[in-house]
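Report on the structure given below.
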Amino acid sequence: MSEAATKLLSETLGKTVLIKLRGDKNIRGKLRSFDIHLNIVLDDAEEIRDDGTSKKLGTVVIRGENVVLISPSG
Amino acid sequence: MSEAATKLLSETLGKTVLIKLRGDKNIRGKLRSFDIHLNIVLDDAEEIRDDGTSKKLGTVVIRGENVVLISPSG
Amino acid sequence: MSEAATKLLSETLGKTVLIKLRGDKNIRGKLRSFDIHLNIVLDDAEEIRDDGTSKKLGTVVIRGENVVLISPSG
Amino acid sequence: MSEAATKLLSETLGKTVLIKLRGDKNIRGKLRSFDIHLNIVLDDAEEIRDDGTSKKLGTVVIRGENVVLISPSG
Amino acid sequence: MSEAATKLLSETLGKTVLIKLRGDKNIRGKLRSFDIHLNIVLDDAEEIRDDGTSKKLGTVVIRGENVVLISPSG
Amino acid sequence: MSEAATKLLSETLGKTVLIKLRGDKNIRGKLRSFDIHLNIVLDDAEEIRDDGTSKKLGTVVIRGENVVLISPSG
Amino acid sequence: MSEAATKLLSETLGKTVLIKLRGDKNIRGKLRSFDIHLNIVLDDAEEIRDDGTSKKLGTVVIRGENVVLISPSG
């Protein structure tokens, strides 16, 4: 990651992020940790479905390789 | 993995996890072991289908490359 | 693989396993050998189709990269 | 990246770019940073849908591996 | 490959194999050569289609990365 | 790339090329630069759609990993 | 590639080959050059469509990673 990306995610720790995964999956949750491969731990995560409904997942570990983008604005 | 991810999964050993795999497969089982590539061994695993039914798989070895996310909340 | 995965597969040599491959293919056969990349040789293998029918394949070499999970319970 | 690509993107910092991602996703935003893997940070990003509507995403971190092309002309 | 896989394929040189490729392609032909990446040369190859018909391809070089499994039983 | 590929692309600098990308995308533009990974910068690029219409993209940076083929004949 | 694959392709230089690419694309042309990654330059190439029609592409550079198989029999 560029220094700007690392700084941005560091400032977002503890706050809500929206993560788009491959295969059109959207997960929202509180960013607990991340590494340079974008492996991520979220708290209070939920999967956001296309129809606007969501499913609670609790704490999740996300494999970086599946991450398309992270939106710290949640 | 970040230290937080490793710690989280270590604390989950022996407990039930939900694993989302590529291709929209969901597997639930007791976490027996994992490594840094997210290769995983689950006991009493079952595949959860979209219609809510499940199929028992027993003990399974999951190749890390297929893991999208792990939810220790099961 | 974790030590647990290697041990599990070693104990399964000569026994029947179910292997799920990418692209929703299921292969069942007797585990003759495996390596750390999950390249696998099965004897008496058969492809299990969605409609429950199967097709005999005999001995097969499976490329590890396509393996999603291995269920030693068969 | 070639020197020409790096120079082009450097000159585009702070300006609007259109990014095409795998899976036919289009994101437009102001280029805040990029690295040699094409990991990217955009400000004021929005997802452009096929029907011409868009969804605001705010600041986003995009994983380079998903980038197909970047159009500095926005 | 495991030693067992290499031995199996070595014993199959000159004999007919069925190769399943990604994207549900099936190729049958005489195994002329293979390497550890499962790059393969087949003689008298033909593509086997789902409807049971086949198309002659003659000698072919197959890129290992596309190989899902090799069945020496043909 | 082979020496022949590098030579061919070098001779094509400043001329129009057709690039086929994964996911059946076709881009045409003037080749400004390329590197050994086939990362490419095109000027006056346009996306060519299946129905024969096109969309102007201006200058674009294309990630080599998505390139299927380059046709210097345009 | 195995020595047999390299030898086969070397003997095919200047002759017509059929190349199957990922995503069910078929390209036919005269083999001008290849490297160990199967990056390829074809002259007088044409794309062969499923309905039997073809589209002239002239000289093309093909990225090896997309090659599924090469049939020197054309």
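Order as written gives the chain letters A, B, C, D, E, F and G; numbering starts at 1 within each chain.
What we mean here is this: a contact is a pair of C-beta atoms (placed from the backbone, for glycine too) under 8 Å apart; a residue touches a chain by one contact, two chains touch by 3 or more.
Because the structure is a prediction, the values reported are computed rather than measured.
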Chain G and chain D - chains in contact with each: F
If you fit chain D onto chain F using only Cα atoms, how far does it have to rotate, to the nearest 5°? 50
If you average the CA atoms of chain A and of chain B, how far apart do the two points sit, in angstrom? 18
Measuring from the mean C-alpha position of chain B to the mean C-alpha position of chain G, what distance in angstrom results? 42
Set of chain D residues in contact with two or more other chains: 22-23, 65
How would you write out the ring of chains in order, opening with chain A and then chain B? A, B, C, E, G, F, D
State the interface residues of chain G toward chain F in the complex, per the touch definition above. 21-23, 25, 27, 32-35, 39, 41, 45, 57-63, 65-66
Under the definition above, what is the set of chain E residues touching chain C in their complex? 1-5, 8-9, 18, 20, 22-24, 38, 64-65, 67-73
